[in-house]
Structures are given as structure tokens and as C-alpha cells.
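You will see two complexes here that share subunit A, one where it goes with subunit B and one where it goes with subunit C.
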Partner chain A sequence: MSTVTLKDISLKEYDLNSFENLKVLRDRLIAAPVEICIERAKFITGYLKKNNQAGDCDAVYRAKAVQNYLINKASVFHDNSLLAGNTTSKGKGAPVYPEFIGLTIWSELETISKREKNPQLLTKEELDILNYEIYPYWIDRDVLATAKSWYGNIKSIQLLEKIMFYVSGKAGCISHTVPDFKRVLKEGLNAVIKEAEEKEKEALTGSGQEAVKHAEFYQSVQIALKGLIIYSSHLAEEARRLSASCTDEKERKRLIRLAEICGQVPAKPARSFYEAVQCIWICLIGIHAESINMAISPGRLDQILYPYYEKDMKDGKLTIKEALEITGCLWLKLGDNVDVVPQASEELFGGAGTAPAVTVGGIDEAGEDAVNDLTYIMLRVTELLKTREPSMNARFHYEKNTREYRDRVCEVIASTLSAPALYNDIENISTLVNQGTRTEHARDYAVIGCVELAAAGRSYDASSSVIMNLAAPLEMALYNGRRYSTGATQWGPQTGEPAAFKDFNEFMNAYKKQAKWLIEQAIDLNERFGAVHQKMLPTPLLSALFEGPMEKGADLIFGGAVYNSSGATHVGFADTVDSLSAVECAVFNEKYCTFEELLNGIKTNFKDREALRQYLLKHTPKYGTDNIFAKKNAKEIISFLYEVYQSHTNYRGGKYRPAYWSMTNHAGQGKITYATPNGRKAYEAFASGITPVSGAAGSITECLNSVAALGSVNIPGGEALNIKFQCLTDKDIPHFGDYIEAYFRQGGQQIQFNIMSYEMLKEAKANPSKYPYLLVRVSGYSAYFNDLNETMQDELITRTQYSVNTGNAILYNK
Partner chain B sequence: MIQEFLNLILFRTYRAKIKQEELEKLIQSGIADGFLELLLSLMSLMLLIDKEYSKNIENFNAKYVFTNQSGDMYVAAEFEDNILKVSEKKLQNPTFTLIFKDERSLFKFLLSGAPDVLNALLNQEIDFIGNINYIGKFGFMSMHLLLLATGRLCPD
Partner chain C sequence: MTDTQIPFIFDIKRGSLEDGPGIRSTVFFKGCPLRCVWCHNPEAYSADKQMSYDKKQCIGCGSCFKCCPQKAVKIKTTAVIASDKCTACGICAEKCPAKAIRKIGRKYIVKELVDLLLKDKEYYYISDGGVTFSGGEPLMHIDYLHQAVRELKLYSIKCAVQTCGYFDYSAFQEKILPYLDIVYYDIKIWDTKDHKQFTSVNNEKIITNFKRLIKEKNIEVIARTPQIPGVTDTKENIEEINAFLKSYQMPPSVILHYNSGGQQKRENLI
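Our next item is the complex of A and B:
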């Protein structure tokens, strides 16, 4: 039930100058150089090297390694944040996870500090530790090396290592989830440990392998959680120690308060809003001790923290200003870490943060308006700080949430120019229910990372299990199972030479056959990686922060969550649909050219074939318009992919869920894909997420109708629709909100914005110092424009810009 | 064999210095011909004379094969017992095989200033058989020599 008591939901009386620290902390964080942190790698590796697993099962061995890290983790107070604890030992750190992709920077250890784009600083001492001690241990032991040693150089791994077919998320992570914090806030981790202890004893009285596995799981939970409690106690001790020598009274009080709080949480229940926020933050640090920093998403914080906020406000123990400040400190803490990224990844996919998603608004489990004071507080903090983290998302239920809330979200988007993204509760809830989620759990959904949907704290979604380049099977259908760039290498099945096809159906069937084959390779690999994770990387700490594992006695990696699934997202959707439509119309319907002529055009990158290219660009059907062929083909691909994925069950007993978000992969994969039948030239970026190709949709209405027509039932993994409006003034807000609501009423699932003109973005590219903190919405999450590589910047610049007043597309002039 | 013997005993530091100068000249000229032989030759010398550098191959046993796509160039580099042996011996079961389009591609990949497996793979300039971490390690060792030769290695 909506519990809004604020007189002014915009909280305009508070700006950054209202807070002594927030602006300073924010500026310092953004300006801080990224430093590679080896602390976790050092302690985890050190433990594993020294102890050799003798006698311990996999789960316990892993838990002990994580505990070793947590009890040795430095308790550093870098600044005067109201929250204690840091993801890494640095002010802004890039932690090395050698189990995953930590070794990908090995060859550039001595150059990474000085590289042009997004350098990551590494001291000589830390370099030597990585090079001589940590990396040699993991050279044959990381997830990919282990998989290769188990399975050999199988086809699905070969395809992965070519990169241009698909990315298999598990080589680098699972993470991508929304934990449950309600229990730890209410009861404290000591209660969870006690339960684990009792259940372990109970399991040991049983017989059989199952009972043994349960006991091992509960034992590993206790070990991991104790490590986290010890870390928190170290924070308390350090705060106390620092306070003793502190001469500034205000600072001394801050440290003493932090010492008290860290002595209480997360071991014991949170007794206040401040303690609750600190508890969540420490738990997130603990989760990152186990799981790589990719899209571990805090979830519906306005719901989870509301009881503590409400009580403190009623008791006069908290003011709105304090709530804003504490929330602001959490927002900044969420940005205290980035991913370790090798140079080529920067060039292809760079600029991504860790995408910790926070979700506000929407409805509650009972189906009523869930917007409360904290929703508005969190929106205001987002508006004031304008930072990349958290990845901010606002749920909107057009029947239950108020128009005031809707318009307030729109104001924040206009102010930040890009955040939050908006989610249609009606569609997303029904999509999750269709996947077997109970209605009340579906109503409690939260967003993971980019745009994926989670039954918060209950579903283990592994939402980045597959990132599929849809143009790959397109090329394979064009070249009878081969890719243009690899010449004669036969990758996929032979589906015939298209020049001999008699009708479009033959080509569509060839495409589907290639796509199905490729999907099955990706799924095969995901299943194999799943087995590797089960052996090497159970996550007892994360499992303890979920509904399900404690009841089942099973780690998340063994299907402990209430709901299980694997997410498979797709890159190049719009370009692929347009290419299929181009083939249908140019070759078979209009007979503008033969298939051979089309192929020759593509193979030569349209050199000396500009007339053909212009025809393909301007006269063939485009997704994003009302064209019947475009609509037909778009729906056909969506439903085909859904059927293929959902026919598979993953190693945890859940389904594969197709999605359409791309992060910066649409730029990266585009950069390595040759010309396509829709007139796209070689190495140009694809359109992002589920967005139509730039310039395709002449009006916003056409664009939104086309995407909404796809429905959401076949997109259970989530989608990113990226829309650019030229600018928004205050008087545009209601109209802007109406567009969104109309789109949602048509069945649209999600939408996110960049409120910026072509000129502004071009200027930002040419003069980055004029726009140092320009935040953009990429395709799922937010990024700083200046951090993006050139291809991604250009893709953002050229995205179709619409006028909010007329709804028409504004043509891009180069 | 004679080369190995010479490496072991004769004017190693001086010879390493000469090789470094040759490498620097080669990099500046942009001519890739002969660079792999030069790189491995310098690497094997440095592993003998530079205590810090030789730590890279402590307890490291691996066999690398470098060959071009046409197969007419083939070099084997065996790391064993803390030394590097370079030969044209056809190795059974190499730990890692790097297949490059031409010596220029290999030159760009290893010594372009930012060795990066991903870029070279995506440009179809190199391919490989084996655990990709091994080329990461080799890339580090190569880059170190490049930085040393060009005076860009930062002091501690």
C-alpha cells in the first residue's frame, strides 16, 4: 500500500550543497583513478595453495578460502563516508578474480597502467605478486582452462574462443542476481548460522549421499558467514582505533557510530535505517568475496529498507536529510569497484560498470501501490548524484501507481539525462508468472544488472549465461554454414547455397537451422560450465542470502533457489530482422536483385554497389515501422528463439529465458561482423538491445508500437529499448510520461532514455572535458560517455533522436 | 646446440645488449622479418642473465610451437628446468600452439605495444590450440623485453 507522507515528492529543498560530504565524496569517486586490487586474489590463492583441499569437500574448501580472505581483508577507511567497508582495498578498485577472467590482463600487466583508454593502475609490487605467485597457480585452473581440460577442444568451446558467435557468461561469471536481504536485516547472520548448524546436525543423522551433501552445504554456509562477521568486527575495531586518535569531534563521532553499527550488523538484527543500510552494504562486500563483481544487484531497496525508515521517522530518530545522506553514501559505495578489463575488451565492449541494479516503485506482493517515501528519496539521490552506479530502475504499474509518481520519474530522467529505466509491471509480472513464478513472487520482481527480471531473493537467474550474436547464424545461412571472416571453415550445418533458394521460406528455414544449431552449442557449453562451477565455485555465502537453499540444503549452483533459469540475450536483433526482410523483399518479392547479386554486394562491402545498398537501406522493410513484412519477421524470430530456448532445461532444473539487451556488445560484435543484407556496412555497430536500427522508425509512435507488438511473454529474460529524445523541459514532462504509459498500455515491457541531441553528443566526443560526467544509458545500464570507446560513442550519437512535441524522428546530419 | 652452448657461457650480457638494440631497431623499422628468432634468442639470453626475469620460468614447464598458416615457418620453444630451448624440432603434444597469418601479424600481436590476444584473434591474424592463458604469459615475457629494449620499462 502506498505510504507517501512527503509534502514535496521531488524533495527540491535538498540539493548537493545541503550535504557537507556527498558532493566531495562523489567528485572524488568519479575522479579517482581505477586501481587494480589483488587483495582477494592473494588471500584466496594463498589459502588454496597452502591447504590443498585435503579432507574437505568442494563447498567447504571454497568456503574456507573465502573466509580466509574476509578475515584478512583490510579494514580501510578511505574517506568520511557514513558507511564502513569497501569492495576492494582501494578507493576505486578493480578486483582480480583469477578463477574467472583475471588472467586476461596477464600480457599487459606492464602496460595497463598507461593505456590510453580507461587505464587501471597496478603497482610493481602487486604486478610481481600477480605474475609470479597468483597467475602461475591459476594458469591451468581457471574456469575456461578447467573446462578445456575436462572436455577437450570441443566445438562449443571453439566457437566461444572465436568470440564472434557467442559469449558464454560462465567463463567469466555467474553473479547476475538479486539476493534477499530481508532475513539478515530482521534476524542477523548469527541466526542463519545457528539454523545452518542445526540443520547440519540433522543432516548428519541421515544416510546416503544426499544427506552428506546437505551437511556439507550447511557447514560451508557457517564457515563463509563467520568470515563476513569477522570482517565486520574488524571494521568496528578499526573505526574505534581511528576514533581514539581523532582530533576532529565530528569525525570522531562518525567513527564511533560506525564502530557501534559494525559491531551490531550483520551479525545481529538491524535496529535502525542506518544499521540496515550498513548491513546491506557489508553483505554485498561479502557476496563479492565469492562472486565476481558483475551485476550483483541490491534489488528493491525502497521496499526492503522502508520498515526501518518508517519506524525511525515515527520515533524521531531519523530525518529526511539523514535518509538522503545515508542513501547517497550507499549509492557511492556501489560505485567503489569496476571490472578488470583487458585492452581489446575496452576497445570492443568498454565503458561498462559493474551494473549493480536498484529497483524502486511498482506494486507490492499483494498487488497494491508500493511507492513510498523511500522511493522518492532514492529518486532524489539519483537525481542529485548522477553517478553511473547504481543502475537505477523504476517499476511502473499504470493501474496502481500514481501519475505523480510517473511524472516524478520522468523528471528525474530529464534531470539526469538517462536514469532511471522504466519497467512495465503488468507485462513483466505476467511474463514471470508464465515462467512458473508464483504471482506474489512475480509482483516482487527486481531488475538484475542491465534489464533482466528476477523474483528478488528467490530466483537464481544467471542472466548472462549466453550472449548470442544473431548476425552469426545470418551469415552462416548466407554462406552455407560458414562465416565471411573465416573463409572456408565449416562451422555450422550445411543449409544450402542461397543463390539456389526458390523462395524466402527456404532462406528463413536455413537461418532457423543455423540459429538453432548455434543456440544448442551455446547451451551445451553453458551446461558444461555449470558442472565446472558446481565443482570449483559453489557460493555458500550468497546461498545463505536467498530463499530456498537453507530449506533445500543445496547451494544455488545445485538448484537451491526457489526458481532457477539461465538467461540468453541477443545482439543484433534489429539488423538481423531487417536483413531477413531485405532478402524477402529485394530478392523474392520485388525481385530487385538476385540472391547472387545481393551476396556479391555484401561480400564487397557494397563497393561499387551503392545503388544496391541505398535500395536495401531505404526501400526494404524495417523493424520499427508498420511494414507487414518487418512485423511478421520480427515476431517470427522472437517466437522461434523463445521456443528453441524454452525446450531446454538447465543443470539446475530451470528453463532458458531469451532476452534482448546488449550492454556494449552490439558495438563490439558489430565491429567484427561483415556487411549485412539490410545495407549495413562491414564493422558498423548493430542497433542496441531490442531497439530498431537508427533511422528506421520515422516516428516515436511507430517505433514504440512495433516493439510493443512483440509482446513480453516470449521475452522472459528482459529487454532494453533505447530511445533518445532531443530535450525535455518541465512542460514536456506530462507528455513524456504519456508516451511511456501509452507504450506500456500497448504491451511494451521496458524503456530507457538518453535525453540529449546529436549536437550535444558530438560535442561531448570532440571535447570530453566539457562533459566530464555525462551519463548515458547504453543498452541496459548507465555509463560515462567519456569511458566508452569510439565505436560505442558513435553508436550513441547516431541513435535516432525524436522530438517529444511532434514525435517525429530528427534526421542525423553527419 | 652450439647456440645453446654459446648462450650458456659466452659474453651473455654483451650479446643480450646487442639483441636488445637489434630488437629496438626492428621495432622502429616496422619490418617483421626475423623478429621471432630475435625475440626468442633475446628471451633465452635474458632468462640466463636476468635473475628477476628468470623467475618467470621457475617451475614452469611448457612447450610452445609458433607456426604460420602455410606451415613453412615452425619454431619450437621449450621451457624446462629453468631454461628456454629454441629449435625447429617437431614437438609432440605441445602445451600451446600459436598459428599466425604471417610474421607481421605475430610481430603486431606480440610487440605492438599492447599485446592482446583478443584483438589478434578477432582480426583473424592469429589462431591457437591450447590454453589461452599460456599465450598471456608468453605475451607478458615478450612485452617485458620490448619495454626494456625501448627504454620504456618503468623503474620500481
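Our next item is the complex of A and C:
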């Protein structure tokens, strides 16, 4: 039930000047240099080195290592935030997770502090510890090394190491999920530990391998959670210690209050809004102690926290202003960590934050309007802070949510220029139901990381398991299973030399064969990595903060969650569809050129073949328009991929779910992919996410209609549609909302915006200091424009820009 | 309706907020009884098909040279087209890979046009928008327009017309008016002599039609005046127009900002 009591939903009377503290914290966080933090790596590795596994099962061994870190983790109060605790020991830390891709920076340790783009500072002392104590231990033990030692140099690993086919998320992380905080808030972790104790005892009375595994799981939960409670008690002690010597009265009160709160949560139930927020933050720290900091998403905070807010407001214990400030502190805390980014990854992921996604609005489990005061408080905080974290997402149910809510979200977009992204409740809920999610659970969905959908706290979706370059199988279909840049190496099956194809179907079939083969390689690798994870990286702490594992007695990575899936996202969708249509039109329907001539064109990167390229660009069907061939091919690829993925079940018992978001990978993968039949020149960026190629769609409605026509049922992993509007004034807001709603009413799943012009972005690139923290939506997550590499900046600059007044694309002129 | 009765349409702009309330599609007809010297849609003068050529887009590939049946094209570094020889047959436009040469104006049978406009119906409904017919002069094509607006009304789509006022009132009253919601009505110049000089026609018919229109029921009429420096935006002209409007209890004329985009389009016309 909607419970909006605010007189002014935009909360205009509170601006950043009302929160002196928040303003200082924000400016400091944004300006702070990124420092590499080895604290976690040191304690985890230290434990594993000192204690060999001996009698401990994998789960307990891992839980003890995590507990060791949490117990030894420094309790630092860097500033006067209203919340205690940090994910790292630094102000803005990049924690090293040596189990995963942490090793890839080994060769860059000397230069990473000094590199030009996004340097990450590393002290000499920490550098030495990494060099001599941490990395030597992991060199043969990280996920990839373990997989190689188990399986040998198999093809699916070779393909991964080439980067230009697919990226496998599991080499880098166990993450991308929305935990459940409702239980810990209501009951506290002590209650969970007690349950685990009892269930362990009960399991031990059983017999057989299964009972042992259950008991081991429950034991590991207790160990990990105790570690987190100890960390919280250390925070309480430190706050008390600092308060004793504190002379500033206000500051002393803050510390004493924090000492009390950290003594209460997360061990015991949260009694207030403030405690609830602190509890969630400590739990997130715990999750980051165990799993890598990638898209660990807090979920529907306006729903989860509402009962605490409501009670406090009723009891007169909380004011709107305090709620705004506490929420603001959480927003800033969520940005206290970033990923360690090696130089090579700068190209693919440069400027990315950790994408902790917060979701607001939409409907509740009963199907009613769920927008409440906190929804608006969170939107206002987002509007005021304009920070990269959290990744903000607003759900919209056009039958249940009000127009005031819709337009307020639009107002925040106009003000932040990019956040939040919008999600169509009707489509997303039915898409999840189609995946086997119970209706009430589907209604309670939240966004993971960029744009992925999860039945929050119930579905473990590992939504970034595969990032597939769809232009890779395209090239393989054009070169009979080979890639242009790797010459004679035969990667995929031999599907024939295209010059001999008699009709378009033969080419489409060749494409599908190559794509299916590549997907099966990626899935094969994901399954193998999954097995490695099950041995190396049980996640008892995260499992305890989830629905399912405690009932089933199984860790998340053994399929403990209520629902399971693996997500596979796709890069280069629009360019690939347009390339298929270009072949169909130019070679077979219009016979403008032979297949051989077309191949010669792309092999030479259209050198001295500008007429051919112009023809391909301007006369062949483009996804994003009403053209029936473009529509047919787009739909065919979407449903083909859906069927291939859904026919595979993962090691946790869930299905693979295709998705279409690309982070910065469309620029990165484009940069290593040769010319394509749609007239795209070699190494140019692909279009992002599910977005049509820039310049294809002449009007905003044509563009939105084409994307909406794809529907969502076949896109269960989520999609990112990036639209750039030139500018947005107050009077445009209602119609801006109308565009979105009409798109949703036709089946559009998701949409996100950049409200900026070619000129503004060109200016921002030329004079970075003029737009120091310009927040842009990349494809899924947000980033600061200055942090992006040049390819990505150029892709953002040249993205089609629409005029909200004429609805027309304004063409980019160099 | 025979092919000769189907008018040429030179543009359909979708998703616009500019040509009336809400989100709209605007249909631009070719053909206009006026010849305003400042016109920003010069391709709309002639009711016939035409060609345009944008030299900046030309890559000098010679496709047009090879296919032109009139031998109207020469290639230097880019194409040079002799307008006296060009018959606007359109063959070169189909062949031009860079789309530097384009046909201006194509015919849509009514159903085709309506289907295209209906693609955006969700936007019209949600925003209280609709379809605007503009030009050129849409009311030059009463029978065609009649079929289109009648069809759109079946879907409860609100229709508007932008007119110069120089049309056959009784045909309009019978065939268009019942299906319209808004008329945007240009009153460009009050002085009859000036009107003739700058637009090539007298304004008597325009003013008479306007007086009849505002007596009609169930139609919103919005008077507009394009802001042409030194011609329409003089103090006297605006005052006279507004005094006329006031005498009929109408609000002042809406001033349309001058759009200078016409010059380039004029130069590109073959």
C-alpha cells in the first residue's frame, strides 16, 4: 500500500546546504584518490597459509578465513559520517581479491600509482607484501589457475584468454546479487546463528553424505556470522574509545550513539531507522569481506527500511531531515570502494564503479502501489548528491503508480542528468514469472548491478556470468569459423565460405551455428568455474543473508537459493543485427554487390570502397527503424539466443538467461573487432546494450517502438536502452514522462538517459576541469565522464542525440 | 482515389512536441497557394515531386552519372546536376549510395499513411497529443485529408491542421472540420498590399475564412504570425492583427520564431 505523507514529494526545502556534514563528506569522497587496499588479501591469505585445510571441509575452511579477516579488520573512523564501518582500510579503497583477477595487476604494481588514467595508489610497504607474501601464494591457486590445473588448456579457456570472443564473469567474481536484509533487520544475526546451531545438530543426527554437507554448511554460517558480529563490536569499542577523548559535544554524541548502535546491530534486531541503515551497511561490509565488490546490490531499500521509518516517524523519534541525512551517509558509504582495475581492463571496464544497485518504487508483493515517503527521500538524496554510487533504479508500474511519482523520477533525471534508470514493472514481473518465479516474489524484484532483474533476496542469478561479443560469431560466419585478426586459426565449426551461400538463410544458419558453438563454449567454462567456486569459494555469509540456503542447508553456490540462474549478456547486438540485414539486403535481395565484393569491402576496411560503405550505411535495413527486415532479424536473434540459453541448466539447477547490457564493453569489444557488414569501420565502438546504432533511428518514437517490439519475455536477464536527450527543461518533464510511459505500454522493459548535448560532452572532453564530476550513464552503470577512456568518451559524445521538442535525432557533425 | 489525386508528402515528423499539444506526428504536404518570400519549407511550394542534392554528402562515385536517362549529371569531384535537364524521375536517388540525392515527396495511399501514424498512438493517448497536418498547405488536398482524418477519428486520435487560410471553405466545412480538434491559422500580414507583395496572394479570402471558422463550434482556433524581421514583426502589423483578433474576443496572435533552415534547403533543390 502506498503511504505517502509528504506534503512536497520533491522535498525542495532540503538542499545540500541543509546538510553541511553531507556536503563535506560528498566533496571529500569524490575528490579522494583511489588507494589499493590489501588488508583483506593479507588476512585471508595469511590464514590460509598458516592453517592448512587439515580436517576442515571447504566451507568451514573458507568461513574461518573470512572470520579471521573480519576479526582483524581495523575499525577506522575516517570522517564524521553518521554510519560506522568501511569496506576497506582506506578512505576510498580498491580492495585486492587475489582469489580472482587480483593477480592481473601483479605486473603493474610499480606503475599503477602513476598511470595517467585513473591511477590507484599503492604504498611501498603494501606493494612488497603483495609481491612477496600474497601473490606468490595465489599464482597457482586463483580461480583461473585452478581451472587450468583441473581441466588443462581447453578451448573454452583459450577463447576467454583471447578476450575478443567472450568474457567470463566467474574468473573475476562471485557476486552480482541482491541479498535479503529483512530477516537480519527483524531478528538479528544471533537468531540466524542460533538457527544454524540447531540445524547443524539436527543434521548431525542424520546419516549419509547429504547430512554431513548440511551440517558443514550450518557450521560455516555460524563461523562467518560470528566474524561479522565481532567486527561490529570492534566498531562499537572504537567509537566508545574515541568518544572518551572527544571534546566536541556534537561529535562525542555521534560516537556514543554509534557505539550503542553497533552494539545492537547486526547481532540483535534493529530498533530504529538509524539502526536498520547501519545494520544493512555492516552486512554489506561482511559480504564484501567474503565476495568481491562487484554489483553487490542493496535492493529495494525504500521497502525494506519503511517499517522502521514509519515507526520512528510515528513515535516522533525521527525527522525527515534526519532520514535524508542518514540515507545520504549510506549513499556515500556505498561509494567507499572501487575495483582494482588493471590497464588492460581500463579498455573494457574503465570508469566503472562497483555498481551497488538500489531499487525504489514499483508495486509491492500484493500488487499495490509501493511508493512511500522513503522512495521520495531516496530520490531527493540521489538528486542532491549526484554521486556514481549507488546505481539508482526506479521501478514504474503504469497502472498502479501515480503520475506524480513518474514525473518526480523524470525531474530527478533532469537534475542529475542521468539517474535513475527506469524499469517497467508490468513487463519485468511477467518476464520473471515466465522464468518460474512465483508472482509475489516476481513483484518484489530488484535490480542487480547494471540492469539485471532478480527476485530480491531469493534468486541467486550470477548475472554477469558471460559477456558475449555477438560480432564474434558474425565474423566467424563470414570467415568460415575463423576470426579476421587471428588469421588461419580455426576457432568455430566450418560453416562454409559465404561466397558459396545461395540465399540469406544459409548465412543466417551459419551465424546461428557459430553463435551456438561459442555460447556452448562460454557455458562450458562457466560450469567449470562454478565447480572451482564450489571447492574454493563457498559463501556462507552471503548465504545466511538469503532466502533458501538456511532452509535447504545448502550454500548459494550449491544451489541453496529459492531460485537460481546464470546471466549472459551480449555486446554488439545492434551492429550484428544490422550486419545480418545488410547481407540480406545488399547481397541477396537487392543484389547491390556479391558476397565476395562485400567480404572484400570489410577485409580492406572499405579502403577505396566508400560507395559500398555508404550503401551499407544508408540503404540497408537498420534496427531502430520500422523496416520489416530489420525487425524480423532483431526478433529472430533475440528468440534464437533465448532458446539456446534456456536449453542449458547450470550447476546450481537454474537456467541461463540472456541479457543485453554492455557496461563499457561495447566500446572495448568494438576496439578489437574488425569492420562489419553494416558499414561500421574496424575498431569503431559498437552501439551499447540494446540501443540501436547511432543515427539509425530518425525519431525517438521510432527508436522506442523498435526496442519495445522485442518484448521482454525473451530478455529475462535485463536490457539497457540508452537514450540521449539534448536538454530537458521543467516544462518538458511531463512529456518526457509520456515518452517513457508510452514506450512501457508497448512492452519496453528498461530505459536510461543522458541529458546532454554533443557540444557539452565535447567541451567536457576538451576541458575536464570544467565538468569535474559529470555523471553519465554508460550502458547499465553510471560513471564520471572524466574517468572514462577516450574510446568510451567518444562513444558517448557521438551517441545519437534527440531533441525533446521535435522528437528527432540530431545528427552528429564532426 | 486515383494516383493523380494522391498528394505528395515531403516529410512526416514523429514524436514532436512542437506542432500542438502533447506528443504529435506532423505530416507535411507538398503544394502551397502562397509564395512567402521567407518560407522555411521551400520544397513545399510545388505540389509535384522534386529532387534535392546535398553536395556535402556526395562522394563523387558517379552512380548518378551512369544511370541518368536525361544525361543531366556531370562529375567533377562531386556531381553537378543541370536542373533544366532533370525531370525528377528519381532513378539517381535510388542509386546514390550516400543519399546525397534524394527524392522530395512520396505518395502514401491513405491506409498506409494512417497505419504509419497509428504506430505512435500510445504516445498521443498518454500525452493528449495527436496528429498535425501541415505543409505546404494541407487544405489543398481536401479529399485525401478527409479520408485520413475520418480514419484517425475512429481511433479517437486528435487532429490538428496548420493552414495559411487560403482554402475552399465549404469543402473544408463539410469534409474536414467535423474531424478536427484544432486549427492553427496563420495571419501573416494585415495590410492587403503588403500581403500580396510578400506572399503573392491577397488576404481577403484568408480573413473571411477566419471569420467563418471562429463562429464554428467544437473547434479550437489559434491564430499565428511568423516573426519575419521587417515584414511581419513590425509594430503596426502585430497591433493590427491583434486588434482584429480582439474585436472577435480572440487572444493575441502567437508569434512563431523565424526558422532560417529554409535557405539551405532552397539551395539544395534541383
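FYI, the second predicted complex is superposed on the first by the 813 of 814 C-alpha atoms of A that agree within 3 Å, B and C clash if a C-alpha of one lies under 4 Å from a C-alpha of the other, contacts with A are read in each partner's own complex, and residues count from 1 in each chain.
Keep in mind that, in the parts below, a contact is a pair of C-beta atoms (placed from the backbone, for glycine too) under 8 Å apart; a residue touches a chain by one contact, two chains touch by 3 or more.
Fair warning: this is a prediction, and the values are worked out from it, not measured in the lab.
In the superposed model, A:K148 makes contact with subunit B only, not with subunit C.
Touched residues of subunit A were counted for both subunit B and subunit C, and B has more of them. In the superposition on chain A, A:K250 makes contact with neither subunit B nor subunit C. In the superposition on chain A, contact of A:I163 is made with subunit B only, not with subunit C. In the superposition on chain A, A:K186 makes contact with neither subunit B nor subunit C. When the shared chain is aligned, subunit C comes close enough to touch A:H735, but subunit B does not.
Subunit A meets subunit B in the complex at residues 103-111, 115, 124, 131-132, 135-136, 138-140, 142, 144-145, 148-149, 153, 161-164, 342-345, 347-348, 485-486, 672. By the touch rule above, subunit A contacts subunit C in their complex via residues 610-612, 614-615, 618-619, 626, 698-702, 705, 732, 734-735, 738-739, 741-743, 745-746, 804-808. Across the complex, subunit A is touched by residues 13-18, 22-23, 25, 59, 61, 63, 97-99, 116, 119-120, 122-123, 125-127, 129 of subunit C.
Those residues of subunit B lying in contact with subunit A across their complex are 55-56, 58-60, 113-119, 121-122, 124, 128-129, 131-140, 142-144, 147, 153-154, 156.
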